[in-house]
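Consider the two complexes below, in which subunit A is the common component and subunit B and subunit C are the respective partners.
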Partner chain A sequence: MLQVKELTVHYGKALAVENVSLDVKEGEFVAVIGPNGAGKTTLFKTISSVIKPSSGEIYFEGKRIDTLPPHEVAKLGIAHCPERRRLAYRMTVMENLELGAYLRDDREGIAEDLNYVFELFPILKERKNQKAGTLSGGEQQMLAIGRALMANPRLLMMDEPSVGLAPLMKERIFEAIEEIKMERKVTILISEQDASLVLPMSDRAYVMETGKIKMEGRGKELMDNDYVKVTYLGL
Partner chain B sequence: MIETLLNLIVSGILIGGLYALAALGLTIVLGVMRIINVSHGAFYTLGAYFTFLFSVMLGMNYIAAFLLSVVIVFAVGVIYERALIKPIRKEELNVLILTFAAAFVIEEIVKFTFGPRYRNIPPYLSGTVTFFGGSVDVQRVFSFVIAIAIVTLLILALRFTKVGKAMRMVAEDEEVAGLLGINVERIQMVSFGFGAVLAAAAAALLSPIYLLYPAMGWDPLLKAFAIVIFGGMGSITGTVLTGIIFGVAEVLTGYYISPTWKTVVPFILLILIISVKPTGLFGEEE
Partner chain C sequence: MRGMRQGMGQVGQGMGLMQPKKFAVPLVFVAIATIIPFIAPSVYLLHVLILAHIFVIYAASWDILTGYTGQLNLGHAMFFGLSAYVVAITNTMLKTPLFLSVLMGVASAFILSVAVGLPCLRLRGPYLAITTFSFSWVLFLLASSAMIWLSGGEEGVRGVKTFIVGTIPNYYLSLVLMLISVYILYRIASSETGLILKAIKEDEDAAMACGIDTTRYKLLAFLMSGTFAGIAGAFYAQYMRIVTVDVVTLELSASAIAFSLVGGIGTIIGPAMGAYILTILFEGFAWLADYRVLIYNLIIVSFVLFLPGGLMSLRDLLRRREEEGGGVGGA
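Our next item is the complex of A and B:
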């Protein structure tokens, strides 16, 4: 479904992503784990075409997308839930969710997805008329995920959904992500620093360090890998 | 005594509504595009002269002249944005200088086309209405009502329409707006057009009240800047309220102190508020 081929990206003058190849098949749950500054966010932004690569190519369902503007990439069915939420903080919860469905005009489908988001995160329904900026960090993360779901995407990309959250809230967010994985027919690409949360539910995962893919494998395999155990699972 | 005061406040509010209208255009362009558009006053000038062209020179009825001017200035704004702003938008200083230069060019074009001398559009409404024992021209009341109607429509459109919500999203986070499927460049082009229209509409509504001349746009430009900063950058409520506050302050100063001080008062108020609250009246801390 998604193919990233030999991607190199500079962020300003710094080399942020170096010769990265990655692929995601329809229906898969694929994680990219790695420390802060490994280039995960740059990789995700390049897939969404917010950043243009220095070299390499990205294909979505056989169509080259790295040459398209971001809104055209979104139109193909890719939703990107960005790092640190990036909501419209001066707008209400409801307006943020509506903006998630910006490209859609199937009223019934939108209403169904709104119901789904409110079932997944009941607190958002309670706060639907509140400004997004007044929500707690965890609630904001729920809204960011909800907003991405409102696009009814074929590929859902979530960039570090647990960053900056308290341990309990992290678990709550990952429970929701597991639910999305089970219940929605959506392919998921997720980046995460906390490997212990994401590896158990991943079909496959990539370990990214200093802009490069260091290793890849099935989620369970990587959990048994000595390097991953020591470096990312703290075992 | 008190009647005079009330009457002055009424005329201040009437003129302030038009200031608010013009300043709102600047607020929208600043919010959605994060650029300082020094050409805003030139769009104001164009609005006045197009209204003059259609109503006085071509003899059209005023409402038709107004609407036609507004549509033309929208088109001018859109073309201006595509041709001049879009290629250099990320270079803030260049945008500032370019819009400054373009304002002079537009002024010269107006001077060349219509001549340097003062022009006037005769009031199309006559008579006065009485407020608090003093009288106010019907013309001014009408212009104010139209201005407030436009401001209200704009606020409703920003709040409830899809384009309005997209504009607010772009204002908050351009990058994420793109991720959501919003065509950011198109939204910015349209916003710039609307910004120009608000300046033009204010000028068209003021044209039966004030004289026209090619450099007429600079004074409202400076005033609009002062209003936007006083009100708190990006705050629509702040902009509208400040427009009215400035209108009233000007009229009161002109009457009780001296007409010479009238034009300076908004800027004194600006300096005062900025030193107390740097983000302006309704500005939020980032």
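Our next item is the complex of A and C:
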């Protein structure tokens, strides 16, 4: 479904992503784990075309997308739930969700998905007329995921959904992500620093360090890998 | 896109009950504004109010681009001024009929907004502010020195025709023009388009990730903003019958910001209110005019510090008090 081929990305002269190849098949749950500054966010931003690569190609369902503007990429069915949420903080919860559904015309589908988001995160329903900036960090993350779901995407990209959250809230968010994985027919690409949360539910995972893919494998395999155990799981 | 609001509406927002209250204030304003010429038939007062009407349109048009879309425009006078000059010059020198001159004036503001808007689409923050400022500065330099043979400099272009002679008819004409313009801008701002413009102001990258073609909407905001400022400038030219460099000054550009800050940026109605109040204040106390730039700056600084949401935020505060009093407010 998604193929990233030999992608290299620079910020000015600084190299952020170097020769990264990655693929995600329809229906898969794929994780990218790695420390701060590994290039995970840059990789995601390049896939959604907010950043242009210096070399390499990205294909979505056989169509080349790295040359398209970001809104065209969104139209193909890729929803990007960005790092640190990037909500419209001075707009209400409801308005943020509306923006997520910007590309859609199907009334019934939108209403259904809105109900789904409210079932998944009941607190958002309670606070639907509140400004997004007044929500707690965890609630804002819920809203960011909800906004991405409102697009009814084929590929849902979540960039570090647990960043900056308390342990309990992290678990709550990952329970919701597990539910999305089970109940929705959506392919998921997720990046995360906390490998212990994401590896158990991943079909496959990539380990990314200093801009490169260090290793890849099935989620369970990587959990048994000595290097991953020591470096990421703290075992 | 069309399904967005309707689909969301099925869950029910329950905000419809506010309607009668929402119309009360504008209706009272229109009623009072309509009878003013009868209860206070002072030519001077009406003249001040006509200017106020013109600057209301001018301030509201600035707000759609800067207040809503977040594209900081420091040179809004360029649209107002170009339109006013085009009306005056074509009408007096080329002897085109006034109606055609006005059309050309508004069209020139529209074209200028494309010319400024297109290069500005790729600029953000301070770069955009400097660019808009520079464009208006160039226009000011042309009008005040380089093209003085055309603009007349401080002397200005005199003898512009007017649609209707007399203060009272011009009062009503400007009132109607203001009400229509503000209504249109307000409706756009409260529509889905307004929601999208606000989303661009909040976070342009995030808006793009939602599939919004932000370039298109930013250009649209430029066009609406420039065109309505052009309408205000064209009306000004035919009413004043003289156009001087005043219409392209830095001071006029700054006034858009001061008006809007007083009323409340990003609300359309707020900047309109601010323009109305400040124009009356300045014209009513003519001796203040010498200190105008100083006062604008004081206003800008003090509102940013003490009431960044402007007068409109007082209304929200009252509303919240009311709700809490009724026991609706949450923890």
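Just so it is clear, the second predicted complex is superposed on the first by the 235 of 235 C-alpha atoms of A that agree within 3 Å, B and C clash if a C-alpha of one lies under 4 Å from a C-alpha of the other, contacts with A are read in each partner's own complex, and residues count from 1 in each chain.
Note that contacts are C-beta pairs under 8 Å (C-beta built on N, C-alpha and C of every residue); 3 or more make two chains touch, one makes a residue touch a chain.
These figures come from a predicted structure and were not determined experimentally.
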TODO: Have a look at subunit B and subunit C on subunit A after the superposition and call it: clash or fit.
DONE: clash
- [ ] Name the contact category of A:E183: first (subunit B only), second (subunit C only), both, or neither.
- [x] neither
Open item on the list: Just checking: does A:E26 make contact with subunit B only, subunit C only, both, or neither of them? Give me first, second, both or neither.
Closed with: neither
Open item on the list: Tell me the contact category for A:R86 with respect to subunit B and subunit C: first, second, both or neither.
Closed with: both
Task: Partner chain in contact with A:A111 - subunit B first, subunit C second, else both or neither - done: second
Task: subunit B or subunit C, by number of subunit A residues touched - done: C
Open item on the list: Just checking: does A:L97 make contact with subunit B only, subunit C only, both, or neither of them? Give me first, second, both or neither.
Closed with: second
Open item on the list: Just checking: does A:S48 make contact with subunit B only, subunit C only, both, or neither of them? Give me first, second, both or neither.
Closed with: both
Open item on the list: Residues of subunit A that sit at the subunit B interface in one complex and at the subunit C interface in the other, please.
Closed with: 48, 50, 69-71, 74-75, 79-80, 82, 86, 88-91, 95, 98-100, 102-103, 147, 151
Task: In the complex with subunit A, residue positions of subunit C that touch it - done: 1-8, 10-11, 13, 195-196, 198-199, 202-203, 205-215
Open item on the list: Please output the residues of subunit B touching subunit A within their complex, sorted ascending.
Closed with: 162, 165-166, 168-169, 172-173, 175-176, 178-185, 284
- [ ] Under the touch definition given earlier, write down the residues of subunit A that touch subunit B in their complex.
- [x] 48, 50, 69-71, 74-75, 79-80, 82, 86, 88-91, 95, 98-100, 102-103, 147, 151
Open item on the list: Taking the touch rule as given, give the residues of subunit A at its contact with subunit C in the complex, in rising order.
Closed with: 48, 50, 69-71, 74-75, 79-80, 82, 86-91, 94-95, 97-111, 114-115, 118, 129, 147, 151
